[in-house]
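Below are structures written as structure tokens.
You will see two complexes here that share subunit A, one where it goes with subunit B and one where it goes with subunit C.
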Partner chain A sequence: MKKKILSYLGIFIVAIFPLIAYFMPGTKYFLQVSIDILMYTILALSWDMLVRTGQASFAIPGFYGLGAYVAAIFTKTLGFPIIFSIIIALLISSIVAWLLGYLTLRLKGMYFAIATLAFSLILMTLVIQLKDITHGSEGISTITMFAGNKYMIYYLIFITFVIVIGISEYIQRSKYWYSFTAIRTNEQVAKVMGINTVRQKVVMFVISAMIASLIGTYETFIAGFIEPHSVFNLSIGVMALAMVIFGGIYSTIGPIVGAVILKIIDEILSTTIGLGYMIVYGLIIVITILYLPKGVLGIWQKK
Partner chain B sequence: MAEKIILETRGITKYFGGLRAVYNISLKLNEKNILAIIGPNGAGKTTTFNLISGVFPVSSGNIIFEGKDITKTNPAERCHLGIGRTFQIMQPFEDMSVLENITTGALFGRHKYSLKEAKQKSLEIAKRFGLFEYKDFVGSKLPLAYRKKLEIARAYATSPKVMLLDEVMEGLNPAEAREMIETIFSLRDEGISIIMIDHIMFTIKELADWVIVMNYGEKLTEGKYDDVVKSKEVIEAYLGKEETC
Partner chain C sequence: MNTFIQVLVNGILQSGTYMITTLGLALAVGVVGILNLAHGEFLMVGAFLSIIFYTVFGIDPLISILIVSLLILLLGIGTYKISLKKVLDSAEVNQLLLTFGISIILQNIAVLYSGSKEVMVINPPYRDLSWNIEGIGISFSKTLVFIIALILVITLFYILNNTKVGKSMRAVEQNRYGAYIVGINADRIFKIAFGVSVGLAGLAGVMLSIILYATPFIGFNYTLKAFAIIMMAGMGNLRGILWSSLILGIIESALGTYVPGGTGWSEGIFFFIILIILLVKPEGIFKK
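Right after this comes the complex of A and B.
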């Protein structure tokens, strides 16, 4: 019960945050940072949902970049409206994820991670090489959404955030918690217990890919400009993974807590220390993982 | 015989690369019967179970369940048809309590219960197999005899018509073994047909309606317990060996 009140309170604070930011000096900056935090929270959640089936994916940068590029090309080159290009990006990503999933989800552990990493790198290479369509490493500039209104952008992402939390919590409370946990801990037994393990993993992979792709399209329409090295940046995938492990794996609240804390530390360090802040940042992550294997939430649960 | 055959294998064979693990095994399981497969270590008994439950595809041969050829189906489909199995090396799902382990079976087994029904069912099943007091334990922390029970309870939760029991007697003390024998009889009385792999002869003698002896991946002989143990080949291959050690 207490947990429930706390989570609603948390969502409420996120919901009214722009109002608080409105009265603070540097409103735009705070809004931008909180938009970043929310986007990473969603990516971290999408990674966590898939890893509940035991599959640690490095496909997030691939699908993020795919979404970003499809959105940019369809609006800029083909003149589609934003909403249609987002839908097309989601459709293309789901088809690609479905194919990639059937090909790679039979692999486990390191092998799956490497196969998905290769997917992300191959997509980036393709985008750089196919200059006629993508303008190569120069990048593409396109329109922005809501004419760059940060409040509108914030609420669009907030709605997405709430929906993704809904999906994650649905998994935790439904029969899928049982099948995902079973697949993760012993896939062979899970099969004999009647669980269609490949299908369940493929469906989760597709959902997770569509979420990453959606965030990629948002990035395109927030920045109005994308280039391959930033949207296919592997650190997007690494960050999502680090946030999940930092906060607490296999849960909804863990990735959120991890993303919020890490992104705030990231922001504080990069503005105060400046150059070389990644060293301190990295140390914080390493120490947490060493001493809190269950993540930050592990401390709270022990009480 | 008027008895109905529920499960049949016709010459199933399994090669792992060049290694012949199981060769030309044909067996028939009558409804509500207990069939025992015995044989020395490495005789291919567990591999036979893996072929019947679909963990491995067969290299050749056919598996017939309730008159239908199920050779090409996957393990999940066989579970939905009504084949349940336990594992010799007990494999409770980590990160799950005893009750959640059983619930998983009820959720995805033959009846595909809803979450509410499955939770209800799992409580009943935990009580039935004497696991109720351990229901919130993590599976891997259970004492051996209870882990064996959990293996059976979880397989039972999938509502099987046929259960494959892989060495459920192994490592049990006499009192626990006694209880296990009663459990297996109660499953049979409920209408479940059983194939069991075991080494302990007195339990086979008591339980089995029919015994198949395997050695080097092949069927050595089969018959009633009393006839099988008198067979010279069996004494040489199996019982004789055990007497010397």
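Right after this comes the complex of A and C.
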């Protein structure tokens, strides 16, 4: 009961945050940072949901970039409205994810990680090389959504955030929690128990890919400009993964806590230290793996 | 015809770079089963040290290579003792993430060191030396890399098959507890294998500093390519690494020559091949 109240309180605070920020100095900056935090929270959650089936994917940058580029091309080159571009981006990503999932999800551990990494890098090469469609490494500039109104953007992402939390919690509380755990710990046993392991993993992969791709389309319409090296940046995947590990893996609240803390640290360090601040990420990942196998959430739960 | 031979020569020499970068990782991943995503960063540190030795102390890379390899080997053993040792028994993903963390740390130490100097290059006198045989250009430094790579592969192959330490490494990979029972100190073997593995990465870094350039961010790409070659060759298959490197080297050189804008495609095609191999024949395409 206490937990429930706490989580509603958390969501409520996130919901009214822009109103608080409105009365503070430097509003624009805080709002932009909180938009970033929410976007990373969603990416981290999408990675965590997939890793619950035991598959550590490096396809986040691939789908993020795919979403960003499809959305940009459809609005800029073909003149589609933003909402249709986003829907098309999601459709294309889900088809690609479905195919890729069927092909790669029987691979385990490192093999799967490398295959998904290869996917992200192949997409980046395609985008850089197919200059006629994508403008190559120059990037594409598009329109921004809500004419750049940060409050509207914040609430759009907030709604997405709530939906993604809903999906994540549904998985945690339904029979899928049991089947995912079974697949993760011993796939053979899971199969014997009658779980269609391939289908469950593919469905999860598609959902996770669509979420990453959706965030990619948001990035396009928030920034109004994208280029291959920034949207297919592997560090997007790394950060999402670090947030999950740091916060607490296989949970809904863990990735959220991780994303909020790390993104705030990130924001402070990148303005104070500047170059090389990512070293802190490395240290956090190493320390968490060695000493906090359940993340910061683990410390809290022990008490 | 001449172009074709030139393409072949360049491809073969290019494969030397692949061999030398992959060899160390193959020892860690394929032989003793440690997944090291920081391999390329150890290589990068090797390249940085080589450049520092050359620019600050005026020591030629071909001389500093021994000191640098040894330093990186010690760095590797230290890393093993502090961190890797603790995750060997846990899930595979933990090894991946831990070494990923280490790679970010090393990368950013380099960023903090090099600061705004973006690309570091050194020019030892033999850097641009090349022979011209009947119109075919053969670069001296690349040939050197190729020969050293070949010697290292053969030496490692010999050590693994014929010495006690090598056989222990293979035993530990096959069955750690079985190895304990027959009296092999598995911890020591892991330590040696990992140390030598990253030592080789450092050595590769020094060699690459002669023919290429260094930035703090070169490492990850080498790790990826090395992993890719290992998968293509098959786990623990050192001979397969020779062939995979040759094939990829020649494909890359042919792309650069025959396809307009081809070098831009080479990375994509590289990973496309890897993806296909993973899907069709994940155990590698070469017989052991």
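In this section, the second predicted complex is superposed on the first by the 299 of 303 C-alpha atoms of A that agree within 3 Å, B and C clash if a C-alpha of one lies under 4 Å from a C-alpha of the other, contacts with A are read in each partner's own complex, and residues count from 1 in each chain.
Methods note: a residue touches a chain if its C-beta (ideal position, glycine included) is under 8 Å from a C-beta of that chain, and two chains touch if they have at least 3 such contacts.
On a predicted model such as this, the values are computed, not experimentally measured, just so you know.
Partners subunit B and subunit C, once the complexes are superposed on subunit A, both fit on it without clashing.
Of the two partner chains, subunit C is the only one touched by A:Ala115; subunit B is not.
In the superposition on chain A, contact of A:Leu275 is made with subunit C only, not with subunit B. When the shared chain is aligned, subunit C comes close enough to touch A:Ile128, but subunit B does not. Touch criterion not met for A:Val203: it reaches neither subunit B nor subunit C. For subunit A, the partner with contacts to more residues, out of subunit B and subunit C, is C. Once the two complexes are overlaid on the shared chain, A:Ala182 sits against subunit B while remaining clear of subunit C. In the superposition on chain A, A:Ala15 makes contact with neither subunit B nor subunit C. An angle of 80 degrees, to the nearest 10, separates subunit B from subunit C at the C-alpha centre of subunit A in the overlay. Here the smallest spacing between CA atoms of subunit B and those of subunit C, following superposition, is 12 Å.
Annotation: subunit A has no residue touching subunit B in one complex and subunit C in the other.
Interface residues of subunit A facing subunit C in the complex, by the touch rule stated above, are 51, 56, 103-104, 107, 109-111, 113-115, 117-119, 121-122, 124-126, 128-129, 234, 238, 241-242, 245, 275-279, 281-286, 289-290, 293. Contact residues of subunit C toward subunit A in the complex are 29, 35, 83, 86-87, 90, 92-94, 96-98, 100-109, 111-112, 115-116, 220, 224, 227-228, 231, 261, 264-265, 267-269, 271-272, 274-275, 278-279, 282.
For subunit A in complex with subunit B, the touching residues are 174-175, 178-179, 181-182, 184-186, 188-197, 250. By the touch rule above, subunit B contacts subunit A in their complex via residues 53-55, 74-76, 79-80, 84-85, 87, 91, 93-96, 100, 103-105, 107-110, 112, 114-115, 118, 154, 158.
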